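The following pair of complexes shares a single chain, subunit A, combined with subunit B in the former and subunit C in the latter.
And then the complex of A and B:
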């Protein structure tokens, strides 16, 4: 792929991918290639004096470009390629870099509340600032509705600014960053154990996916391979996490269309998954169970039996619930044709997970960048064409079926052996892409003497939030909760 | 048709709801000491809860949401989650309190009519947890609001949340 960009040889390994140092001219070529849709953006991040982007062809090739910017300036990616805009705003304000030519230079994570600006760069004293200019929408009879950061439900905080004409949404702009905890800063200098625990708290609903992405990146950096049994157990946890979240989402989406019956039944199944996880791995969400070098707990005979009983229960209940969803006209009336994402937009934003798959983008990190044991397992990547709320529900229903099958295959083929290899206190740089329940999670890490020097984690929602804003246009305000739940983007994962 | 079958099944099958966990005695006593008699008389055995995420990883929210499922059935204890602080007796706060959420949290507390209580939930809410010490967070809810009770865990299990909240109701019931 580096050939596409006219880059010659000198590169270093990040595990499965290569990192290449480039100059500004190649960087600009890469941006043009992204803008032309020939490559897709996987990540964009920085450290003082260096900016990096991960690019992929959407199938199975990827590379990281690295541009030194000793004067703090680099050619903007977002100026030509919109999916990069918020990542770029975030890295510029955290590290004090300047994206030359950027159209949108409003702060993103920095709400003017910290004691310092550019906290991970020069960390100069900051002035308190509370105003934020939202993007304008002009026309007759328009008014605005401001929602959040504290919402009516038990959800994460964020602000939504709707501009509406009567009932119809003309523009929605999200303002996030409320749960910015400074994760990248806390990562720097952390030992491997603490860093893995921090990664597992980037977004609690994806704790397995994040811990796995971090562990695989760290292992790539150290040239360490987790034992085979550990890789299979990681996949078991990852599929249990996907199962729990999808079941919860299917119920919650229907509940936002006032169909509480579905939530009641799906919530029981979700609880069954979490109780099984607790009985088998000692934690309901399986937090801190995936660690660099392997997993923290093994699966014993009784545990295996519990997981088998769980899949049998979900298999028994799922057909009736699917029928209930499909057979309830008043529910279908709300979900079909609502919140349509254009396939072209999903492709341009390289939207992962059910958001991309519901409009035909079949990308799945388990398939595009196969990691053990998925290279040995059979699964489909279900897609739909319509891109509406209904399609996002159906992708989840189909993925529940795939996860059940994967769990059964894992139990059947689980190899014997150790479940953890002690990571050496080495140095190196690694990257990994892992398929979480809502899409691909990127982890990049550089280690030195057994500690994290720098780490970047990229949530799938970075490329999904903007599509939520786009798909609500022309819908009525009352359908926003439904659209929002069908995306179920992570706030914590993006705010970090 | 399918919906009708589900409702019928629900009527015929036994409930999944489990017996309540016991509230921790020390926690009940500690809370009782903080509540004045007048407040107890006014509220009776029912509490309205407003949840505020002040920087959680969303793990706590998942478990608080689980309280509504058929196994825990929060509302049988007179505990309701309400949509506005104006309707709330209790703020249930998670997260270390990010500086970006601090003002929203304080404004939510101000909007809650008295008498009111603050319950912090989860390791971050106690003292900032793993996020303490950075440029972006306070060291827990207690730095910002007067906290009446804390529910530990990372995240607290639904059973732990239930026990903590029941302690609050029992204290409230006029001991």
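And then the complex of A and C:
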């Protein structure tokens, strides 16, 4: 095992993984391997003149392929491997690269309203397109329903184009990019503090996961190791975040089936988690608490007590809620068998988190690429086989249990020592994969003189949105909110 | 003199339903909020909402026809008349001869007809979805309602609400399976007709799941206020109807004095309060059903109504 998945080329270290410089022929071979299902896509990103592709075997080995493309052209990955299509469309319009042989060359993030096209590449004045051709679905008695980007509820903006036959969905296509903030552009040239703050704002509900992914990538680039106590505290925050989000989701999924009782109880529990986080770490979502080199605040005695009380409260109340969910026939009637994701699709798209686990893909970055302290903690990666809304709820319920157990183990084994090491103003390149509540968050960063030269953050939802579109086919329109909530994909995380 | 008095009492009844309808909806919301451990909006919030909407400007789609503008008033008028016909605190009011179950069903049916048309008028996809779902539900709920009316009419030998109420009050009712079946069936129909959980969710923000809300999505300002008020009235009407037919105790009889009327009023408010609590508990304990389960649900209501009517024919002493 060389840590390069057996791919030929000059390699260098990115921390846990290795980056391999390849030529177009090796790149094409790798794409074929992806298409054959032997490897899985972890990420695809670029900078001017270079394309990078992170590949993994889904178990414990991964590598980053690097292809120089001075003429701005690279062999398309999406042409043979569908999960790469949207990543490819995004990077092409951000950097002005061309994917040769790509099947889908429609814009993705650029809605024709940017002042410049290819903002991170040549940045020419934009010609301002306005029409966007959705994929066609033809047949008698089909009609289209356009939903969003502004919704009746307070959710993130995204446009959904349904083609329906009566109530049955024939095709759904999402159009995202409404909350594009130019994150990669803002990152370039930012110092470590600012970059860490930016990373924590990629997707607000996963702020700990993003900050942790960025911090670990930056530490890998600098050859720095965070103090042991900091690593344990980071895990504590990550598990608190997972707990809060899963509890909120379980209630919100039931509420989308008009069962407000679950939402009411789950929202109280979620609020307990957030208030504890605020009392212990000074921020409800624990934003900006994970920083390169360690953590920003330490856990004191009273704080530890608060977290213990929190786990006790959730442990006490959760069984009754689980029972309520399981015993309400009208609710089960909505969730069981709704929005089934085919296991083959989940594997092909390398869908992380509860989306993959609900149909048997037991991938967990904490297990596949163990980082401190998860290599020393006991936890299970719960999976289900059915792939429906019910399975996604159950994976969440099981993960709440695992997170509670992890929090207790962390409090029990929390080592003493400093919580922060000052990062040196060095240079280097690093990558890290961190398990957020939605799935694996990838961060890649290259530093120079203590500043970020380039950074790429890949949200797990890139590989989950397409599955949502697939799983709703054949279901009825009125079940879409339920399916959508059971995925709870991030809009902001994908819009960059 | 008597004519003026009768007119005045009828007028009081009409204003009473109008005044109480938002309160009933506010009460149901409050009950549901308390059941989900929330404080909930104040009881009087629906009045404030109506007042706020009344003062807001109306935003009309460019392609809205006259029907879109007229529909809210037609719907409101039909629903108000229907609600005012049902005996609330007294029977034998001036218009009681027309307080006929079939007339009320027909009035509500026409209101729904206009609402479904208005939903499709502007041509948005949500309005179309809402109208199509509403008509699907109605095509099942109305036959069920008619079956219930048949059962009651066969029992009481009249479709007039005052007469049916008098029959229920009379000593020769006893325990009747038909009445019980009709009660269950009318409760099921009432839930469907008012767009409550498990058929529709009145408080949802999810455009794709709406039925009633989808049809009125394009309405604003006073149009929306009038439609909301019509919806409040409809809920009040169904509670009054069920109260008048199945628990008519306390209703002031024909030609009784002010004291009886007061007792009737108190009893009526009490019935509304109990009805609101029951509705709130029912809605909180259920999730919304899939759209295509609605036919099963309403089919059950239809069968109950049908069975109740059949039972009258086969049971001993059913029809005298």
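Everything below uses one rule, namely that the second predicted complex is superposed on the first by the 487 of 496 C-alpha atoms of A that agree within 3 Å, B and C clash if a C-alpha of one lies under 4 Å from a C-alpha of the other, contacts with A are read in each partner's own complex, and residues count from 1 in each chain.
FYI, contacts are C-beta pairs under 8 Å (C-beta built on N, C-alpha and C of every residue); 3 or more make two chains touch, one makes a residue touch a chain.
Owing to the predicted nature of the structure, the values given are computational and were not obtained by experimental measurement.
A.B. asks: Per the contact definition in the header, classify A:205: touching subunit B only (first), subunit C only (second), both, or neither.
C.D. replies: In the superposition, A:205 contacts subunit B only.
A.B. asks: Is A:317 contacted by the first partner subunit B, the second partner subunit C, both or neither?
C.D. replies: In the superposition, A:317 contacts neither subunit B nor subunit C.
A.B. asks: Check whether A:271 is in contact with subunit B, with subunit C, with both or with neither, and answer first, second, both or neither.
C.D. replies: first
A.B. asks: Looking at subunit A, does subunit C or subunit B touch more of its residues?
C.D. replies: B
A.B. asks: Looking at A:328 after the superposition, I want to know if it touches subunit B, subunit C, both of them or none. Which is it: first, second, both, neither?
C.D. replies: both
A.B. asks: For A:480 in the superposed arrangement: first (subunit B), second (subunit C), both or neither?
C.D. replies: second
A.B. asks: Looking at the overlay, does A:147 come into contact with subunit B only (first), subunit C only (second), both, or neither?
C.D. replies: second
A.B. asks: Of the partners subunit B and subunit C, which touch A:261 in the superposed model: first, second, both, neither?
C.D. replies: both
A.B. asks: Both subunit B and subunit C contact which residues of subunit A?
C.D. replies: 152-153, 261, 264-265, 268, 328
A.B. asks: Tell me, which parts of subunit C touch subunit A in their complex?
C.D. replies: Against subunit A, subunit C makes touches at 32, 35-38, 125-126, 129, 197-198, 201, 204-209, 284-293.
A.B. asks: Going by the contact rule at the top, pick out the subunit A residues touching subunit C in the complex.
C.D. replies: Touching subunit C: residues 143-147, 151-153, 167, 254, 256-261, 263-265, 268, 328, 330-331, 333-334, 476-481 of subunit A.
A.B. asks: Looking at the complex, which residues from subunit A come into contact with subunit B?
C.D. replies: Where subunit A meets subunit B, its residues are 109, 111, 113-116, 119, 123, 149-150, 152-157, 177-182, 185-186, 194, 197-198, 201-205, 207, 248, 261, 264-265, 267-268, 270-271, 274, 278, 284-285, 287, 320, 323-324, 327-328, 490-492, 495.
A.B. asks: State the interface residues of subunit B toward subunit A in the complex, per the touch definition above.
C.D. replies: Contacts found on subunit B: 1-3, 5-7, 16, 51-66, 68-71, 81, 83-85, 95-96, 98-104, 108, 130-131, 133-137, 154-155, 157.
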